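After this come two complexes, each holding subunit A, first together with subunit B and then together with subunit C.
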Partner chain A sequence: MPSRHGLNRASPYFFLAPAAAVALVGLVYPMLRSVWLSFHEWSIGTPPESARFVGLENYRWLLADDSFWISVGVSMAFAVAVVILEVVLGVALALVLDRDLRGTSLFRTIFILPMMIAPIVVGLIWRFLYNEQFGPLSQALKALGLPGIPWLSSPDMALISVIIADVWQWTPFIFILALAALQGLPASAIEAARIDGATRWQTTLYIKLPLIAPVIAVAALLRLIDAFKVLEVIYILTEGGPGLSTEILSLHIYKTAFVSQQLGRASALSNLLLLIVLMLTLLLVLARSLRERRAGKE
Partner chain B sequence: MPHIRIRDLQKHFGDVAVIAGLDLDLADKEFTVLVGPSGCGKSTTLRMIAGLEEASQGEIWIGEREVSRLEPKDRDIAMVFQDYALYPHMDVARNMSFALRLARYPKAEIDARIRRVADMLSIGHLLDRKPAALSGGQRQRVAMGRALVRDAGVFLFDEPLSNLDAKLRNQMRAELALMRKRVEKNMIYVTHDQIEAMTLADRIVVMHAGKVQQQGRPEDLYRAPANLFVAGFIGAPPMNFLPVRLDSQHGQPMLLGRDYTLPVPHSRMAALASYAGRDIIAGIRPSALRQGLGPEGAPALTLHIELAEYVGAQSVLVTRCGGERVIVEVNSEQRLAGEGEQPFWFDPDSLHLFDPETEAAIR
Partner chain C sequence: MSGTATTRRATPFSYAVIILLAMLSLGPILVMIATSLKTKPEIFSGSFSLIFMPTLENYRAVLGDSQNARYLTNSLIVATVSTFLTLVFGCMAAYAIVRFRFFGRDVVSGGTLLMRMVPPAVLTVPVFMIWTYEFGLSNSLSGVILVYTAINLPFVIWILQSFIAQVPPALEEAARIDGANDFQVFFLVVLPMIKPGLAAAAIFTFRIAWNEFILALVLTNRFTRTMPVKVSLFINEHNIEWGQIMAIGTLIAVPPLVFTFLASRQIITGMTAGAVKG
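The block that comes next holds the complex of A and B.
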């Protein structure tokens, strides 16, 4: 009979095995495969044996390629813009709706709806809204006697338009987390601030916002990571155009892999994207732990 | 310096009246304790004075100003909360200085005030700690300190000791009493603990079911409770109640119970004139009953001792007098003096009499 101790030691691995197997097939293998691919030259449709080892050639080529750097720039601009806008709007909405007035629960429900819609559908909705001939936005402008806006057809406007669509869909994510954080705040601390002479605005600035900041930071980080990986909405709206004006990294990867059929370079690209996201995450985690250590010393 | 005047204060939640017409007059520099069981409306009253809860009706005057429509910050008050309500992201010094910083006091003034109050509360060594790094008792002190650095006209305390363990609570209670002597301000203190009320208050306001039952100095409430509720609430162990009927025995008016007879106190003869033949509730404090037969002519009750609880210097005897339970408090030296049936004498004037219908004291 196995000792209780031996059984206990083995059993965690036994229970973890199914999850580990799934992770192995769904996560570890593709990642290793993509690293392997990034050192090879291989086109879709040809047998895997035909893949040719090229060393760091794919990476060297990428780093010398202007369109790569453009799409890095587009991705950065897109991600930073949407995260800032979503955090500002989401937190502001949460502050406004964090009270017990008639109708607030209805508004709360309405505001989180966009998040529930599949990205493809969001893309279609906004393509319709942005349609320069029949779209409601253009119609409204026309009715007001204003000139039309080249929502998706001008390189300058297109990036703004896809940012608006993403902000529309994902502000609710920040909103819902900020609202939950606000409602979890100790009521008496806020009452104490009122007694201490704080106006509503000062209470928000000095008490509520600092207290929900950790939650917002995590939510913003999640959004930042997601913003680097977004694909469907932009694909439907602009396919990265006009020119390369909205070609974010994930779209660039997609095109390299399935339009140019250069899987090696696409793999190298996705590894670089992974690296960027990983570095961003580490940076934020580091900043957070530094701040916590400082707070602990105080 | 403000004197607080409350007129016809009411609070309704929907159709439920939590406070139904409260009148209070609190003299300046008085330490007033609002005391009563859970749900009696004492905390709601305090929160209405603070401005955290809107009054449904009525007036609250602090000094010469009617404040019931003012924001809390405009009422010249400071408050200590039951759960301390410290700002978790600020260290102790910043917690204490928050109000002063909002009011744009000069830094030197802020530092001086914090130093003074921190020394008074012995929390000077904690000033750079966050609330999470403090014990319950320390948080309590910081919460007091945060209120005291402000030169508010009125200090409000909402059950400030109820989250502390018993030993710490006794210690803090004593410190509060000391602090109260150094800070001559109008203070209103809410608690459900009648011992806190008795030890701290200049004036106690006993509340029950949204109404003031009685107010006055602690000793007045103890000696002359106005009704059954106050009689039962103030004093520990609580007063014993015995149902009796006013009748005459051998031509003498007597209070007759089922298994006992009590004399009619001379001081209440006149007041009892209209009660002949009617039911009355007699009350007697556990400490008013003394073991033995007492001096010649002193009335006595024969009690059957069921249990003796040793508390320390005092012991509590759980006894029966016929069908009624009677609690007696005796010195512990007497604890072993006997079991079974024993006589306990008392002074007739220590009896409290109440009308069973109105529950008011008969005086």
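The block that comes next holds the complex of A and C.
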């Protein structure tokens, strides 16, 4: 093995080169370009060199724009609502179903199906379910003699309908994680509590929930980050409407860029969304390292 | 799910709950499939029913349309090629991060986590601009493949790291002593050992590329469109052909559904790994 040592030193860079090249061209450079573009005014159809430098104008405009703040509010409401609902439902179901059930692997497979199919298809499915004339949900209400619900046509209801679709798709994520965490708990801790005379309810509240809390916290953060990325389901269900009632930030970016054709402003918007997601990611890293430290102590 | 001493026995109630949940998960998907097998009058009849004479008419109409056949092919090409590239580049990079100490290693491994979190919507504007005006890649399948490879790489690198870390270093040492260089060690010793990891990563990347919508919407035209883009245009027509659109939806859903049943264990591992370890 003649040149082994020489090769060794350079090897990691050879292994990294293709991935690094793709990431630089496809991720890093576009994000730098996005920062550049956010300080410019540029319209589709003209070369980027013709873009006009406007300084912080795009950001200033955004912060003074009502539709931006509405969109921020919609995004926050959507993200907070889906995370709370999914965590509460997912953990509650895991506690109820933490039993020696037969066929759990088949059930788990069924539960992940909604997460696997394309978001665009999830949108399709729910748009059909919500159809006010012939959709199955409306017909069920009619059969029960109940009044119809304007699922997607009223501004108040549309956001709730969009949230329901997300809860349908992603609650199983929390459920599966919570169940795995519960079933991985040390038997000794729960035995000890029981011997000390703890009721089942007390065991759940003071032993089980605190022990699985770190896993749930990380899972909830992952969901929160994902909730800010959602676009397709809402695009298909409501396109952000009625009005701006379901126009979350990612959809607002798309519309600002490709409907209103304000690319500079859309870039400023993109950078703000990226900032939110990055801050949540840092929180995630922090939560994970805290949990690992805690796990290390035990 | 082993029955530890603390796992309580299942009761009829717990079976009732879990079966109800399974029906809730499956129900909407079954509604889509059922609707795709119905005739127009049946869909608009005003009473949704799961009992009907199934017809393949909608599939015949969808697949008989040469445009749709082309878009399906585009989807297939984009997903397959980008998955292949992501896996090759990703496993090499993961190997470098796990097995070598080198300058910039921490930056690379921290960067992969951050880049995994970038929302695709954030990339639409700059990628559209760069692909169109700087790289000349707009409206081409290669442009879509490039951006899909880029967005999937961080996840693949990250998930393969744990598989590579499990390969016993002694095996690699033995190969080196026998005169293998770093590349031979990687391709002949390490790669065969991480096949399950590669399979899991392949399923994930294929699924993301196959399902992706917003970047494809921005980067393609009526020749290079993928199937999800077609759906979004189809559903905003005035008279929605629900039967046909549900047939398209079912066709798009088939590959991920098949993967799920074939490899649910790996998928759950991949899906939940992010919450379990960093």
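By definition in this document, the second predicted complex is superposed on the first by the 252 of 298 C-alpha atoms of A that agree within 3 Å, B and C clash if a C-alpha of one lies under 4 Å from a C-alpha of the other, contacts with A are read in each partner's own complex, and residues count from 1 in each chain.
Methods note: contacts are C-beta pairs under 8 Å (C-beta built on N, C-alpha and C of every residue); 3 or more make two chains touch, one makes a residue touch a chain.
If you're wondering where the values come from, they're calculated on a predicted model, not measured in any experiment.
Enquirer: Once the shared chain is lined up, is A:Ala198 touching subunit B (first), subunit C (second), both, or neither of them?
Expert: first
Enquirer: Given the touch rule stated above, what does A:Met157 touch, subunit B (first), subunit C (second), both, or neither?
Expert: Touch partners of A:Met157: none, neither subunit B nor subunit C.
Enquirer: Contacts for A:Leu211 in the overlay, against subunit B (first) and subunit C (second): which applies, first, second, both or neither?
Expert: In the superposed model, A:Leu211 contacts subunit B only, not subunit C.
Enquirer: Please indicate which partner A:Ala77 is in contact with in the superposed arrangement: first for subunit B, second for subunit C, both, or neither.
Expert: neither
Enquirer: Which of the two partners, first being subunit B and second being subunit C, lies in contact with A:Leu85: first, second, both, or neither?
Expert: Once the two structures are laid over each other on A, A:Leu85 reaches no partner at all.
Enquirer: Kindly classify A:Leu101 by the partners it touches after superposition: subunit B alone (first), subunit C alone (second), both, or neither?
Expert: The answer is second: A:Leu101 touches subunit C but not subunit B.
Enquirer: Return first, second, both or neither, reflecting whether A:Arg288 touches subunit B, subunit C, both chains, or no partner chain.
Expert: Only subunit C is touched by A:Arg288; subunit B is not.
Enquirer: Using the touch criterion from the header, give the chain among subunit B and subunit C with more contacted residues in subunit A.
Expert: C
Enquirer: Going by the contact definition given at the top, which residues of subunit A touch subunit B in one complex and subunit C in the other?
Expert: 191
Enquirer: Which subunit A residues qualify as touching subunit B in the complex?
Expert: Of all residues in subunit A, those touching subunit B are 186, 188-189, 191-199, 202, 206-207, 210-211, 295, 298.
Enquirer: Across the complex, what residues on subunit A touch subunit C?
Expert: Those in contact with subunit C are residues 1, 4, 7-8, 11-16, 18-20, 22-23, 25-27, 29-31, 33-34, 37, 42, 47-48, 93, 96-102, 104-105, 107-121, 124-129, 133-136, 139, 168, 172-173, 176-177, 179-180, 183, 185, 187, 190-191, 215, 218-219, 222, 225, 228-229, 231-232, 235-236, 239, 249-251, 253-254, 257-258, 263, 266-267, 270-271, 273-274, 277-278, 280-281, 285, 288-289, 292.
Enquirer: Please give the residue numbers of subunit C that touch subunit A in the complex, ascending.
Expert: 1-11, 14-15, 17-18, 21-22, 24-26, 28-29, 31-32, 35, 43-48, 85, 88-90, 92-93, 95-97, 99-100, 102, 105, 108, 111, 113-115, 117-130, 133-134, 146-147, 149-151, 153-154, 157, 176, 179, 181-183, 186, 207, 210-211, 213-214, 218, 228, 231-232, 235-236, 242, 245-246, 249, 252-253, 256-257, 259-261, 264-265, 267-268, 271-272, 274-278
Enquirer: Which bits of subunit B are touching subunit A when the two form their complex?
Expert: Its residues touching subunit A are 50-52, 71-73, 77-79, 81-89, 91, 98-99, 102-103, 128-130, 146, 150.
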